[in-house]
Amino acid sequence: MAGDPGGEQLRMSKQQSTLARLMKLQGDLRVDFITSPALQGNALGDPAERPLAVYLPPHYDPESSKRYPVLYCLHGYTGDVAGLLAARPWEWNVVQRMDRLIVRQQMEPALLVIVDGFTRLGGSQYVNSIHNGDYATYVTRDVIGHIDGVYRSVASEGGRAVFGKSSGGFGALHLCMNYPGYFAAFASHSGDSYFRYADPPLFVQAQRALEKFDWDIAKFVEHFEEANKRPQSDYATMELLGYTSAYSPRSAAAFDFDLPFDRKTGEIRDDVWARWRAFDPAEICTAKQAELARLRLRYLDCGRRDEYALDVGARVLASRMREMGLDVRHEEFDDDHRNVGYRYEVSLPALAGVLERA
Amino acid sequence: MAGDPGGEQLRMSKQQSTLARLMKLQGDLRVDFITSPALQGNALGDPAERPLAVYLPPHYDPESSKRYPVLYCLHGYTGDVAGLLAARPWEWNVVQRMDRLIVRQQMEPALLVIVDGFTRLGGSQYVNSIHNGDYATYVTRDVIGHIDGVYRSVASEGGRAVFGKSSGGFGALHLCMNYPGYFAAFASHSGDSYFRYADPPLFVQAQRALEKFDWDIAKFVEHFEEANKRPQSDYATMELLGYTSAYSPRSAAAFDFDLPFDRKTGEIRDDVWARWRAFDPAEICTAKQAELARLRLRYLDCGRRDEYALDVGARVLASRMREMGLDVRHEEFDDDHRNVGYRYEVSLPALAGVLERA
Amino acid sequence: MAGDPGGEQLRMSKQQSTLARLMKLQGDLRVDFITSPALQGNALGDPAERPLAVYLPPHYDPESSKRYPVLYCLHGYTGDVAGLLAARPWEWNVVQRMDRLIVRQQMEPALLVIVDGFTRLGGSQYVNSIHNGDYATYVTRDVIGHIDGVYRSVASEGGRAVFGKSSGGFGALHLCMNYPGYFAAFASHSGDSYFRYADPPLFVQAQRALEKFDWDIAKFVEHFEEANKRPQSDYATMELLGYTSAYSPRSAAAFDFDLPFDRKTGEIRDDVWARWRAFDPAEICTAKQAELARLRLRYLDCGRRDEYALDVGARVLASRMREMGLDVRHEEFDDDHRNVGYRYEVSLPALAGVLERA
Amino acid sequence: MAGDPGGEQLRMSKQQSTLARLMKLQGDLRVDFITSPALQGNALGDPAERPLAVYLPPHYDPESSKRYPVLYCLHGYTGDVAGLLAARPWEWNVVQRMDRLIVRQQMEPALLVIVDGFTRLGGSQYVNSIHNGDYATYVTRDVIGHIDGVYRSVASEGGRAVFGKSSGGFGALHLCMNYPGYFAAFASHSGDSYFRYADPPLFVQAQRALEKFDWDIAKFVEHFEEANKRPQSDYATMELLGYTSAYSPRSAAAFDFDLPFDRKTGEIRDDVWARWRAFDPAEICTAKQAELARLRLRYLDCGRRDEYALDVGARVLASRMREMGLDVRHEEFDDDHRNVGYRYEVSLPALAGVLERA
């Protein structure tokens, strides 16, 4: 792992980066490129070098002794660091929102780190996969290691939170439930949960699409990559492949994984489906009481018109955590799965508020 | 200009009915109103008297000794007899299609009977339900009894086929699998099958909608009935209620049935869900080998873009019947769930072709 | 179980028709078939014989001396008599609504007559066209003549109103503005008006579609008629052809009319467009003060989300009539162009309330 | 005007910018911030300082004597520089496409400059407006001046082309037709043309939306800016306001412009509409023969399913230019208005191919 915090960082204290200026931030934004051993040699040929975006609040001073808690942001499926840094008129990306919240003193200053979990199949779900690479290790070891090595972060569990939307929310849940000791809080916005509603609709679309490619997955993926435009069902198929590569890989050979449905008929393969469900936060949370109990904040929200029924997923999760005697902050709102970044206005102050400072 | 009022009743015995004329049939169409003991006293207050549409092919003569096989048509969910008789410019309803097929000699003449299986909740699924009434008995005993008593039908199993689209296809499968001896053939067009894909999406929509009505189902139903316009999710909720009243009724008291999901979270209630799945043709067909084996024709088709994944349902069904050693006519086509009446051009000749004539 | 076959023709003179029973009316419904000289020999080969649906309110007695005012209903583009008689679960067609209003004593009893103005191109707009036939004459002379000859109608201008939705509303406006002396009132629901917004979008779709058919209109029409399913743009193209055949015909030869756009580029042909606009109620109303002034009721409504901007059309019309010193009943509501039959609950009582009775 | 090409530019020759790395370019990308006198003191309070993105092809060397032609890219309505620099997985923005084309030697190396023409109302249309500021002057004087002053560009008409999509295509047409001598070629992708189809549908949506705000435009704009989500009709309304501020401004006071429709009824105000049409390339091109004739390349394309009928606009324009004896490269393709960036693969090499090099 070799970050490159050299020349640019020096500049940071005196002059904003181009990106920060384009986004009209008051704080600063830099992008480091780190190389993660955990991602090397993966079956998809995805790079081990990844961009890592780091937001520094106003008055951040690398020379000072002051340290900041860190919010780790995990993007959703089809996202990546560049995608989350996109700035569009009349919209606010996560960096712009956090900068504004801090400037308006609606949240405590903190660092924001945006992690790149993209794969050639659209996303890693932030899990360790024999096929995709060890994305959980990459986040918890390599990304955190870089940040704590280079920035003035509170370098301990109590100073870190992890959050994200959709697959990013799933990632936050997954890391907290399975890798205790790294994060003290999570926020899952419309996070993948209760797969029984969310995922089977993808099986059908993928069965239809892949049959047209004679089950040659490489051919489908190349077709997808080269297309000028793609029907929604192709996105759903890619999504299915992404999840399959994370939840039911078979080996480290490219595209060698078990589809959760029968190729001929499309019916559910319950053996593979069980492997998927072993990743479902709604199903496994009851076995993760200790991991969940050590957290300072458990935050869940979802729109009540979520197309993947993740509102049910959040309800199930909240209900089970409460049955375990754990507090949960659980909110619902009248919206669907898309463009709910305005919910960060609720979660980011809450996360920053419970973390340690120094 | 020559109006022709008053003459209609004279024409009726010899000439076409008004409906037949409106539909530009060459055969005739009449609507009987029959009263079914099987439907009396149901919880929903639905009438025991039902319209029964009977199409008579050209040259049908009640005085002749010639007898015709009978195709029983079961409408889909939200359908009824009046709905199936609707005639729209540039469209062909099932009666018009069958009339045209016979006139063009693309199928053998037969009677067509359209059965009314509507309930206040949108459809009976043609099953016997302690809550809705005994719709299977109504079809197999009361409807068939009326037809064989009044018309020149081939009054035996070998002279009858049953078909329908969507819930009508399900009804055809249900009656053939569970009430052997009445029908010699079925055609299921986009028929409900493999509930695991088709039904859970309804649970989510219903959970959200009914929560807004504080789980007062009567209130929701009245609201639905009185609305000028209804969102799609209200239709889905009604559909969920219709299926619940058929598959998991609790008593003969109005709206007393078990929802297949938890009210608070929306998660699937596996105990109730198992009761539903006991009606799923794809799941129970393996136990119905004898009933299926006695049939002369087993016809399934579905569009490969079916929104309820009933193409998978048809594939599973076809696959399992073939594993039992049974022939199946199984076709797929490039379309979705709506307006696939043109498929009758394939199924009706096939059904008429295997039935007994006299 | 008690079927009731055979008795139907006996019932007919005293009892309800099959259609009335299917629709669960308390009044009665019959369908006459009249032959109109005005429609004979038209270029499209459309029949001169047309169905004419006549609703008779409860207690209507052909032997009595009592006479009823008559509401003439004009269907919209793509509609016909059979289409308006379609009855669907949870919906109310115009006959069912009027029957219910009378039964509930929310409107004065009246006859309802549904006129068939369909053509092979989807609709006549109820105008006299050298190409399509003289639909205005057909309505004002042949249809009215039949009704007044056969039914106990108030056979004078003061006893007749005309109404409809969309192109039916346009027809009502057109007949009242151009054929004074037949009707004493109109109701235009979402009626075509202010063509400058409503029609040009059709030009573009038609230009694209017809180019694919090398401008062979007959070929397009046949393709349309034979299709199992049609894209929305094909409907728009047919609609454009329907309007063209009504507003800018060139001769009595089939499909000989002037398209309102340039074939090569698609740009508007202002000469033809001017012929269209000469039919636009919003444009010509100022020249029709006398015809409008003699009416007892001028009723306009439209949804504020009308896809054809006919809400603007109604506003322009209402505004200009008021500038002429005429009273207008003009209502708006929060809906689009589709399924606004519930508005009849407002217009039908209003129309029936101003007509002469005897 | 004060560009800021200081410190960062020095770095450029040795190390890629962060943005270039995030976009995985082989060339480099920098963003200058320039201050334009032409934009100062505008009614909307939009900044006079604007980002200007400059792509430098591989081997670009500020110390060398080699000079490159320059392609000026104008974004569409709702776009800005940051928006065009957004990079999303599986997509290629204009910079990435051009870099790839050059690397693959599918086009001659050139500079690419992305101009910011955003206003608070969503876009300037690149016209001089008493209300918005003088965007045409800003581009032709200030932007070109900066580029030619700082970069190794071919600093003459023969070395410059201008292109864009949608309103960016309009801008390219507008600048070439009205400001001869700056650019030697244009490419208009789905560019605004033939307003008679494209614009009136916006009037209706705006009339409905603004009425709800009692015609308080400032209030509507603030509501729009603060909304988490916006209905499509709000975007259409904003678009209407943007065009109005460009085509029919009344003064330099905020929101003081003439709407092209009557507030009360929504009907078209032909006087204002005439002012709009004076900007329509399809209408004015016949008066711009000299300006068009001096160009080396006139490139137009549009999808045949363009929602604004800009395919007709391109056809009219191509037809009229050909009638003037001018060559036009005019292409059509099977797509709609959205995401047609892949068309740059055709236009960019064509533009680069006709420009002067040194």
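Per-chain residue numbering starts at 1, and chain names A, B, C and D are given in the order in which the chains are listed.
Quick note on the criterion: a residue touches a chain if its C-beta (ideal position, glycine included) is under 8 Å from a C-beta of that chain, and two chains touch if they have at least 3 such contacts.
Remember, predicted model here, so these are calculated numbers, not experimental data.
When each chain is reduced to the average of its Cα atoms, D sits farthest from chain B. If you match contact pairs by residue number, over half of those in C-D turn up again in just one of B-C, A-D or A-B, and that pair is A-B.
Chain B and chain D, compared by their mean Cα positions, are separated by 57 Å. Per-chain CA centroids place chain B at a distance of 34 Å from chain C. Chain A and chain B have CA centres that are 47 Å apart. For chain A, residues touching at least two other chains: there are none. The chain pairs satisfying the stated touch condition come to A-B, A-D, B-C, C-D.
Per the touch definition, chain D reaches chain A in the complex via residues 7-8, 15, 17-19, 21-23, 30-31, 33, 51, 78-83, 85-90, 118, 122, 224-225, 228-229, 335, 339, 342.
Against chain B, the residues of chain A that register as touching in their complex are 194, 196-197, 200-201, 203-204, 207-208, 264-268, 282, 304-305, 309, 311-312, 315-316, 319.
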